[in-house]
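The same chain A turns up in both complexes below, where it pairs with chain B and then with chain C.
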Partner chain A sequence: MKLLTHNMLTSHVKGVTKGYPLLIKQATEVKVNEVDFNPQFVTRMIPKLEWSALVHAAEELGQRQDLPDELVPEYENNEEFLKKVHRVLLEVEVIEGCLRCPESGREFPISRGIPNMLLNEDEV
Partner chain B sequence: MSSQDEDGTVEPGHNTAEPSTSSSNENDETTEDIITVTIGATVPTGFEHTAAEEVNEKIGVDARISKDRGRIYFPITTDKLFQVHLLRSVDNLFVVVEEYDHYQFKESKEETLMEMQQLASKLPWTKALEVWKRNGTLKKKKGYRKGGNGIKVKPNSEATDAAVADTEQQELPQAASAAECLTKAENTADMETSTQELEETAPEAKPIKFRVTCNRAGDKHSFSSNEAARDFGGAVQEFFQWKADMTKFDIEVLLNIHNEEMVIGIALTEESLHRRNISHFGPTTLRSTLCYGMLRLCKPQASDIILDPMCGTGAIPLEGAIEFNSSFYVAGDNNDMAVNRTVNNICHIQKRRAIKGSASGLPIDTVRWDLCNLPIRTGSVDIIITDMPFGKRMGSRKKNWDLYPSCLREMARVCTPGSGKAVLLTQDKKCLAKAISRMGGLWRKLHTVWVNVGGLHAGVYLLKRTGAVFGQTPEDVYESRGTVNAEGDEKGDKELS
Partner chain C sequence: MRSLSGTLFHSSVSNRTYFESATNMATSHSRSCLQYLLHLAQDNLDFRLPSPFWCLDGLSEEDVSSVMSRSVCAKSAFELWGHGKTHSELRTSLLSYPSENMSPFMQKDSTYRINVYTFNKTLEFADRIKRIDAMEFLPFEGTVSLKSPQHCFCLLEDYGTDPNNIPEHPNYIYFGRWIADGQRELIRSHSVKNRHFIGNTSMESGLSFIMANHAKVSENDLVFDPFVGTGSLLVACSHFRAYVCGMDIDYNTIHGRGRSSRKDQKWRGPDENIRANLRQYGTEEMYVDVMVSDASKPVWRKAALFDAIITDPPYGIRESTRRTGSHKDVTRSPDVFYAESHVPVSQAYHLSDIFTDLYSEEMVPLHPCLRLISNCEQTLSSHTSRRLITMEKIKNPEELDSLAHLADPCFSPYQGHNAFREKYFSGQNKRCGKEDSKTVVNGE
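For the complex of A and B:
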């Protein structure tokens, strides 16, 4: 699971209203895979992200690499910054671990890089 | 300057297609004459215009769409021949020997077939055979693999001899490990190709093996495709002194007849390119060429988030991650085998890329989820693209009546209002059309492409997400399941559009 995906995932357990962002726990296997850097992709993606959720998730994995709490203005021209964002969005992958709903505590396992978000019948 | 022996006509019994020792060496390209030929390509029916667009974009020529559905034609010079192998929307390629727009077939079967036999010796075979030959060496030099995509290897003129040799050597171990994943048919064919190549480079001339494939459509013909193939093939054999072989052939001659249109060609692809990305098939894996056509329809932009909520083996998002790689793809399915196959297919491609020395990671991720209850933030997806269960090979018609409207609602929720799009493939056109009209407040139909998928008539629907905020329109308020919205209040003071 890449952190860009994590940024979009939310807990949908019945009755939960604050299911975002999911907490990353027990990340026993994390990989960093090289992906071609596309500055335009990163620049356009940043406004679509929940920035604090991204930074928090990166921190949980020990991959924060001094990303700031808040976005600095004119980040579009800062290639070094864009490359760091590129790395946490696309290159860092959780292979084994789990995602925990911040409200209900329900855990969704991640195995082979695939988060299993299926709910049981009573949770829907 | 090496020039071929012929001056235009081909003498019978003279194996002009046989690579002679003087002209079969590796660095021949620069000394060969450049000739212009017409290339024919078969494409998924319904996507002829898409394919023509791609040809225009990548080769810079205008393609002609044939009246015979699923075929386009375009001119090319032999120095640019390698470009045809970069096309993602074509299933098969062939070089045209001759085309007739209004061929007057004779009244009787005997006369028609007799005429076809005579035709064999009169056709301008030379240029086409030359192109066929060059295409063969092209594939060898670039380490072109069947079912694989030669894009990542640099054109020969830029690479040093050592680099070329390395590529070819590296291809072998890769083919061996990939062979474990490939289906049996492809594996055997791979081995057949290599043995044929060895035979061709032997100095002593071995007889060329060929077969004729005839496609005939039209209700005014007095003959069948089998008869035409048989008689035409017999005459070709006489003329060239080639050996006929249905399975282990070097040359495949194509005889395509569509009403009054007749095209004779020589195949440039041994096996359809359409399964290129997939090594782990599922029960209904979609052709990559069809996936490409669907992706082009929705015009992915840089940083678009593209979801396939019923991804199966991941064919569509994987084609997207490779060919429209400035977007990000999330492939999802509720089925355990499906998500695992998807991940396997992704890994396979990444390994191939790693071996070729490029960054192996692709902008794609896989999740296991329930498509009617997506664990995705509201309004965070730009495009939804998927192959919906047909009800024949997977699922059932009855299930579709419930599934389709639920899908559309949930897809509308996660899709960005106003700018979001959906591209949906289905054979159950009636059911989807009804579901779309029920969801008129959320989805608007822009365009439909009629296609043929495994013999079934299907439709690709391009939909636009209306500007209506989810939770406001009559459809979703009435049937709302109270899905979690991380963005805040669904019931904000927003107007209906």
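For the complex of A and C:
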């Protein structure tokens, strides 16, 4: 699971109102792949992101490096900054771990890089 | 002059054409008064105007090239210089074509060749040569080069579409300068037959590219498939340089495990999954994520996250429809792109069932935030067809909108998510059942 995806996921456990962002726990296997840097895509995605959730998730994985607390102004022209964002969005990948709902504590496992968001019959 | 400004796809609802949306993607600042001829392939006929020849004007060459860089339905595009019902009419037409439009391509130091294409008829070699020679009245000043000419001119003769009734003389003749070929090679290069990871319901390559085009998938888009299966639609989208993600309720399909869909293979191999499919075509860079999830229980936070949602939901035949939770609720996601329809053949149906089973436009799922762009029917068998529905988001959702579709009468014929499955199989006993054993792979 990449952090771009994590940034868009929320807990859908019945009754939960504060299910975002999901906490990344027990990340026993995390990979950092090399993915072609595409500044246009990163620039397009930044306005759609919840920035603090991204920074927090990167921190949870020990992959934050020097990602700032706040978005840098005029980031469209800041290649250095865009490369940092690109790295945490697309290159960092949780292979084994789980996503925990911050309100209910319910955990969604991630195995082989794939999250399982299925709820049981009684949770729906 | 057959100038067809109607819809490329049969759409009884919208006037907006697929071609229009494709040219909207092409930036064009100059509109010439030149005419262009598209030659369309003889497949997906339900999606197309009856004739394989389509004349267009009000476009620039850049627009045409742009469309051809995406289309898997169009074989070739030409700058139309002349046309007519007979060779005599063609000649007259060509003689009145402005010479200043011809001369840039007829220069002394340039090379050219003339091709003759006859549709629905085979011509003897000698007859081809005769026709090429007959075009020499045009002011060609360059030299003929058969191997790699700078300019290619084509004489196209239309002998109709009925192979059992080929006329002696062509119904219509066109002459023009070749501009570009379409992307039909993608159908072969991305054939499901050669794909590493397939399932029982993998979408055939041609149609997956058509769907990506309907959704105007562009470079740097983020695309989502909520019923991703083996990722066929994502493969097509990644080819157009969009970043892709998907989900499916089936754990084994998402993880690439379990029984193989190939007849000579029992179990899936280690490199059989969606990511591997993208890797096969060199687009692994576009892979974002897939997950195991129930599309009817959204897991995304409420924001405009995706540029396009492209999907082929289960019909309940080869894969039965499933959902988590109680079977009591009947809601359907408004993002469904394929809506079931069929014409029942069995007389065991009650009259009221027949009226609700027959397709009507009211059955197309509606949502106040989505505008219907096109509705293309594809016949699958004597008693079933499916529709490719394309909708465009026109406004952001507000609280009340999300409940709007439940009140819609179009949902009442579908009692339970396996209703279509039951009707499909109940009719099967009356026929020999040949269609059912065909796989999507064979359908290519």
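Details
The definition used in the following text is that the second predicted complex is superposed on the first by the 124 of 124 C-alpha atoms of A that agree within 3 Å, B and C clash if a C-alpha of one lies under 4 Å from a C-alpha of the other, contacts with A are read in each partner's own complex, and residues count from 1 in each chain.
In the analysis below, a residue touches a chain if its C-beta (ideal position, glycine included) is under 8 Å from a C-beta of that chain, and two chains touch if they have at least 3 such contacts.
Small disclaimer: the values here were computed from a predicted structure and weren't measured.
Superposition model on chain A: chain B and chain C are shown in a clashing arrangement. In the overlay built on the shared chain, the residue A:16 is in contact with chain B alone; chain C does not reach it. Contacts of A:95 after superposition: neither chain B nor chain C is touched. When the two complexes are overlaid on their common chain A, residue A:61 makes contact with neither chain B nor chain C. Contacts of A:40 after superposition on the shared chain: both chain B and chain C are touched.
In the superposed model, A:118 makes contact with both chain B and chain C. In the superposition on chain A, A:71 makes contact with neither chain B nor chain C.
Of the two partners chain B and chain C, more chain A residues are in touch with B. The single stretch of chain C with clashing C-alpha atoms against chain B, selected from 55-63, 91-99 or 235-243, is 235-243. Residue overlap on chain A between its contacts with chain B in one complex and with chain C in the other: 1-2, 4-5, 8-10, 12, 20, 35-36, 38, 40-41, 44-45, 48, 90, 112-119, 124.
Remark: chain C residues 219-220, 222, 243, 245, 247, 249, 251, 254-255, 285, 288-294, 297-301, 303-305, 324-326 touch chain A in the complex. Residues 302-303, 305, 325-326, 328, 330, 334, 339-340, 343, 350, 358-363, 365-370, 373-377, 380-381, 483-484, 486 of chain B are the ones that touch chain A when the two sit in their complex. Residues 1-2, 4-5, 8-10, 12, 20, 35-36, 38, 40-41, 44-45, 48, 50, 90, 111-121, 124 of chain A are the ones that touch chain C when the two sit in their complex. Note for the complex: chain A touches chain B at residues 1-2, 4-5, 8-13, 16-21, 33-36, 38, 40-45, 48, 90-91, 108, 112-119, 124.
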